[in-house]
Amino acid sequence: MNSQELYKSLLQNELFLDKAHDDVTTRLLGLQAGRRCRATILAKEHGVFFGKLVLEALAFETLESRNDGDSIQKGEVVASFQTTIGEALTKERSLLNLVTHLSGVASATRKFVDAVRPFPTKILATRKTLPGLREFQLQAVQAGGGLVHRRSLSDGILIKDNHIQMGGIEGLLKKSNESRSPLHRVEIEVQNFEQLEEALKFGADVIMLDNFDLTGVAEGVKRIREHNDGRTKVEVSGNVALENAHAIAELGVDYISVGSITHSVKTLNMSLDLALVP
Amino acid sequence: MNSQELYKSLLQNELFLDKAHDDVTTRLLGLQAGRRCRATILAKEHGVFFGKLVLEALAFETLESRNDGDSIQKGEVVASFQTTIGEALTKERSLLNLVTHLSGVASATRKFVDAVRPFPTKILATRKTLPGLREFQLQAVQAGGGLVHRRSLSDGILIKDNHIQMGGIEGLLKKSNESRSPLHRVEIEVQNFEQLEEALKFGADVIMLDNFDLTGVAEGVKRIREHNDGRTKVEVSGNVALENAHAIAELGVDYISVGSITHSVKTLNMSLDLALVP
Amino acid sequence: MNSQELYKSLLQNELFLDKAHDDVTTRLLGLQAGRRCRATILAKEHGVFFGKLVLEALAFETLESRNDGDSIQKGEVVASFQTTIGEALTKERSLLNLVTHLSGVASATRKFVDAVRPFPTKILATRKTLPGLREFQLQAVQAGGGLVHRRSLSDGILIKDNHIQMGGIEGLLKKSNESRSPLHRVEIEVQNFEQLEEALKFGADVIMLDNFDLTGVAEGVKRIREHNDGRTKVEVSGNVALENAHAIAELGVDYISVGSITHSVKTLNMSLDLALVP
Amino acid sequence: MNSQELYKSLLQNELFLDKAHDDVTTRLLGLQAGRRCRATILAKEHGVFFGKLVLEALAFETLESRNDGDSIQKGEVVASFQTTIGEALTKERSLLNLVTHLSGVASATRKFVDAVRPFPTKILATRKTLPGLREFQLQAVQAGGGLVHRRSLSDGILIKDNHIQMGGIEGLLKKSNESRSPLHRVEIEVQNFEQLEEALKFGADVIMLDNFDLTGVAEGVKRIREHNDGRTKVEVSGNVALENAHAIAELGVDYISVGSITHSVKTLNMSLDLALVP
Amino acid sequence: MNSQELYKSLLQNELFLDKAHDDVTTRLLGLQAGRRCRATILAKEHGVFFGKLVLEALAFETLESRNDGDSIQKGEVVASFQTTIGEALTKERSLLNLVTHLSGVASATRKFVDAVRPFPTKILATRKTLPGLREFQLQAVQAGGGLVHRRSLSDGILIKDNHIQMGGIEGLLKKSNESRSPLHRVEIEVQNFEQLEEALKFGADVIMLDNFDLTGVAEGVKRIREHNDGRTKVEVSGNVALENAHAIAELGVDYISVGSITHSVKTLNMSLDLALVP
Amino acid sequence: MNSQELYKSLLQNELFLDKAHDDVTTRLLGLQAGRRCRATILAKEHGVFFGKLVLEALAFETLESRNDGDSIQKGEVVASFQTTIGEALTKERSLLNLVTHLSGVASATRKFVDAVRPFPTKILATRKTLPGLREFQLQAVQAGGGLVHRRSLSDGILIKDNHIQMGGIEGLLKKSNESRSPLHRVEIEVQNFEQLEEALKFGADVIMLDNFDLTGVAEGVKRIREHNDGRTKVEVSGNVALENAHAIAELGVDYISVGSITHSVKTLNMSLDLALVP
């Protein structure tokens, strides 16, 4: 299953649950439902578009669409395609629900990406995604300019507070180096400088400064950089908002992870208009 | 499948996609992962809880939980249960992703419900839900005090602008009365007073005033009430926000539908803490 | 998923369970199985056809088919299409099992619809459908001229005997009006005149007279019509057969619900013939 | 998956499609829905019961049930169990739809089995089953005393008219003997005595006399028995009804296959009653 | 679902689990991934090909492929097709994993088939297949020249040691004859001559000599042949290897069943090469 | 879904396809099938056990089992549990098919792990797994002492020959560093020393020497170690067999990847014996 097939599968399921096969209103149109129309998707606010893969999945005819990741303006036609009146009315809601949500994800991501310019800091999505939507949200994050942290629990070792409490930093980092896949780095989340020092001592590839204030982040970055000339990467998480992202990036961190771009998404408003094809 | 089984199915799928069976970090704990702990879910902001059905679905032992729909306070323990360290760490993210999202839905709904007091106006969820999550979001809406409009396209006739454009108000309302289920009312969305008059003439059970300003709503309500002593219900949609919901309700409308409580949800922040059981 | 995709999904599953990929008899034909043929479906008795959606779902070439809902005669060719000998032999049984069953549903429905002429009474399907087949049976009912009562337990409030026993007519009707969707009417099933009077007093949109005899139905209709000039609808269920449907309709009821058109269906007999295409 | 798990899976799916998690009527009962009750299933006509496996699949408490295949009388309690009012009301329809249908299958089968007494002739189910229900219907047939012919297209070679038309009796029977599984017999369907003679000449394990009248069946049985002292089995299909089954069996055939016991099933009527548990 | 659709379904699932939609390496190619190429599958050892059905399932363009069951040589191009660089890289592993495994099955089978020449003995696959792959492996066995024994537990009666221990040979064989489908033979597995004599006495269609040595097989065949002039078939299982298959066949047995051709399969090595299409 | 639930799901599906609900042989036992027995799994050759998770998934009573990864001896009882005769007979084949295959994987892995002692070289599983079985095979590999390379295409960047041909080493490595997840290393496969030098120049975390002979590996390791004091890891793949694994490890490589431990697995032979429980 490639991306297109994955979107198709999500939408087919959504249309089934929305009972697209039993649309009691559209059925009233009778033969009119079979007339061909051009459907136009209009942006009703500024943002970043993510919908081309979705539209391609539904295989509409003569599809024209902005690319995923394109900046779009309020009032702009972002996609159009031909179909029948019946298909358009029945699929409108399922289609827009997905496109406006994913465009919302891409737009929120882009705002953070813009906020950390001109620094090389990367914005990361977390595993704080909505049930069933992670694959899709992560593609939208990437279209918005963000990177993915971990796709799943098997996608790299990330030692967190609760793990440390049970296994200790030294023990866990040593075991990590024994058992990890050759393609996985090891990351550890630290809450304070004591933990940071221990992490540096036993060797992690990435250190996450969790819920540090700006002064703390500055100090953390300094200690990590001094330790081994830039090989250990620094990630900041917790208390990150659009307002302070620039300031954090300015401190020289490699990564900032932001949960809200996937867990608290405001849709990017769009509408679907229909016009009969002569 | 009852509610509990539905939540179980959603979570099982989510845990599968999160590769809970292959949590490379928790595996580092070895035998420690089997130790029993008490997990505590803590609210980190005020709002409305929706998580009991979710927790019951995972069948944790000695579960204590606030009820779905309860108001909760920042700092409050909203649920706790026993499990093993390994299970807790592996399932934490999937569990919180769902509970914090649905609590977010319930909280947003409650705000609108509170806003329209003391009027009898009902807050309605729309079909603007997130892919795969409609059933769950609608339960959270109801826990927050809202009602459901249509669960799917087969759940009652709602004639919208595009339908009118193709079939005409008169034709569609007449056909509606012929073909509808005995348990379904017929609703029509109108954009202006001309359409409103035609809808009244040919008889709809519910009339939706779409994107009317406050003055328009007032006039619309007046005309509908005059027409048949309250039997036709009035719904308002479009341009609804927490700020103007009270004013709309004050005009005497029966229903206000709000898309944002399901399509643009801010999670209600919570954390999961673990303590070993002696 | 639109209707066609739903039928395709049902048939694909059926063909999988019938091991169409491992048809040990057709395999004996070797290369002959690849020869092209025209398959013809012949009606072996009079009735109403429901198979076009099914055949379209399998995407046969040069399909010609009567429309769903058409009256057909014994001996008539109701559909024909091109395919290979192998495909035809392998799919014949799964295809006919579905088409003859659904045509049986449509035919049984039509008989009831014809029986209540010239009265405006509507014939309703119930939730007494066969496991896994409800969506399909309800489409066949509609093709036969019937309407759908409730598609599922969420599709409108229907208060039955057991509910009344626990919650009382007054309490339940009041709660119904509080919690229902704006698009749902409220129906109550009554077993006697006492319940009928209470239902009228507290206001239901539809009243179902369950297992009343003809005299009882006449009296029930009279009381309901007197109560509010036709706004409350009357449904009759129980003890309905082709023999008494006309007499019931004559009494002025709005709806008659008939379980047997979905739960006790006699197939409409058809055969599939093959002819090599030169 | 054993039988019980298979029934559970069917019912879970059915309850999901019936939206058992969103039963808007039962929800009106509020806390009352949680009260415990004893549910009793009552037969409303004579027949053969098939429901124990179904009820066990739902794992109700203190289940008492007649055995699958038991004869039951009108008015008899055939099963009872404890549950909550809410569960009972929500699951009633899905449960009864399955039990009354399968009991209908078992009852129809038993009538044919009784009709062919005292002859050793066996009644066979065909592949003319309802989509998605074959496994279940075949179990009910066996509970009624019938046997299964083929479960699927891979379950033994059955050469029919269309095969013969393409491959010829001689060619197909020879190939059959080359390619069949050691556990499969070879059966051929013949329409006339010429085909019968050819089938005997090239050797089939079972010969199906299709649409022969009684005289034809008598002659067919005679020829087959003479050919090889009873080793070749005789099956009769087509034009079989309760009325002539005895006469056919009397002619000494080994098997009679009957499509109607699975494709045209009249439900065996039952009701579910509830009583609060003190 | 025909064969092709079954392979498609297996591969789609495999590609989903391999996260083909999120191939982080191929994504690096950017627009290059969209360039068209010709993919060539090369055999890296001698054997029997089984991959055409697999390749057809993926619907590649201008597919050229050896037939399933063809002998292929080391260095030979066994299939080629057009696609994009991105598709080819992403699907390569899933495709080759399936084709090289099934070609391994076909190749192992062919070796046994060749070993028993010139005797009429048939090589049988058993139910010792790999989870989820039985349907596919059995097709490859047949392409290699083997036959299928039982596809599932419902596919004919095979009485084994543990059954005999509980029910006795006499009792089980008698019951078998009562309850079996008309298309099923009855087979019994015997461990010694005493059991063999009892099996002959009560009549089985096929007798399996389990773990007999060559002398035992010879004696077993003699006794069975003497019993009823060849009607009872003889199968040998256990201790069968390429080395002794010829000697066993020479003793006149009808079937030899071999578990290793499905449970211990060495892949037939192949590689996929890409060349840009000008 | 944790590990146990994953195994349960695989086995349930397998039992469904094996028609465990319709075991026509075991059904002959009648009431005897309900008698309780103790089932014992016996190893019939030396190796490494992997079956405890499988057995736990089926939730047998009083289960005793060797641990996954334990060395077992020919003739040893590796697990035992209580169940009914019927359950045991019906599930025996599906259970053993899985346990003997996975034990085969674990055993083959262990042989490679033993071969590279006393060097710190790790044995890696590849993505050359069998369709549908990757998750399970990788757990068995780990029980045998091996590590996982990539679980899927999203699990780290591995630049192979075909990628290099299209994108060039320089370009791809640079892009990798831009777009990778913070938890992913970058690996590149090289075929010759020229590619190796370029890979070192532009910086990969792991370099795979593909199909190098022993001299080539020695030279490769030397150059990589000289380049940056051990930070870049070395993996060897291609032409690896039990015979040369020790010699390769001796050259100081970090990882050896072996496809055959998952793609060409010989089952570890076991049998299931039953004894009635008094």
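Here are some notes:
Note that the chains take the letters A, B, C, D, E and F in the order they are written out, and that residue 1 is the start of every chain.
The rule we apply is simple: a contact is a pair of C-beta atoms (placed from the backbone, for glycine too) under 8 Å apart; a residue touches a chain by one contact, two chains touch by 3 or more.
Note that this is a predicted model, so its numbers are computed, not measured.
Common neighbours of chain A and chain C under the contact definition above: B, E. Chains touching both chain C and chain D: B, E. Between the chain pairs C-E and E-F, more C-beta pairs are in contact across E-F.
Where chain D touches chain E, the two copies mostly use the same residue numbers: shared numbers make up over half of all numbers in play.
Computed from the mean C-alpha positions, the centre of chain A lies at a distance of 52 Å from the centre of chain D.
Centroids of chain A and chain B (each the mean of its C-alpha atoms) stand 23 Å apart. Here the spacing of chain D and chain F, counted between their Cα centres, is 45 Å.
The set of chain D residues that touch two or more partner chains comprises 13, 19-20, 22, 90, 135, 151, 154-158, 179-181, 184. The complete set of chain-chain contacts reads A-B, A-C, A-E, A-F, B-C, B-D, B-F, C-D, C-E, D-E, D-F, E-F.
Contact residues on chain F toward chain E in their complex (touch as defined above): 10-11, 13-14, 17-20, 22-30, 32-33, 35, 85, 88-90, 93-94, 96-98, 100-101, 104, 127-136, 152-160, 162-163, 165-167, 172, 175-176, 179-181, 184, 263-267, 274. Looking at the complex, you find that chain C touches chain A at residues 1-3, 5-6, 135, 138-139, 151. Within the complex formed with chain A, the residues of chain E that make contact are 12-13, 15-16, 19-22, 87, 90.
Partner chain A is touched in their complex by these residues of chain F: 122, 124, 147-151, 154-158, 179-185, 187, 205-206, 231, 233, 235, 254-255.
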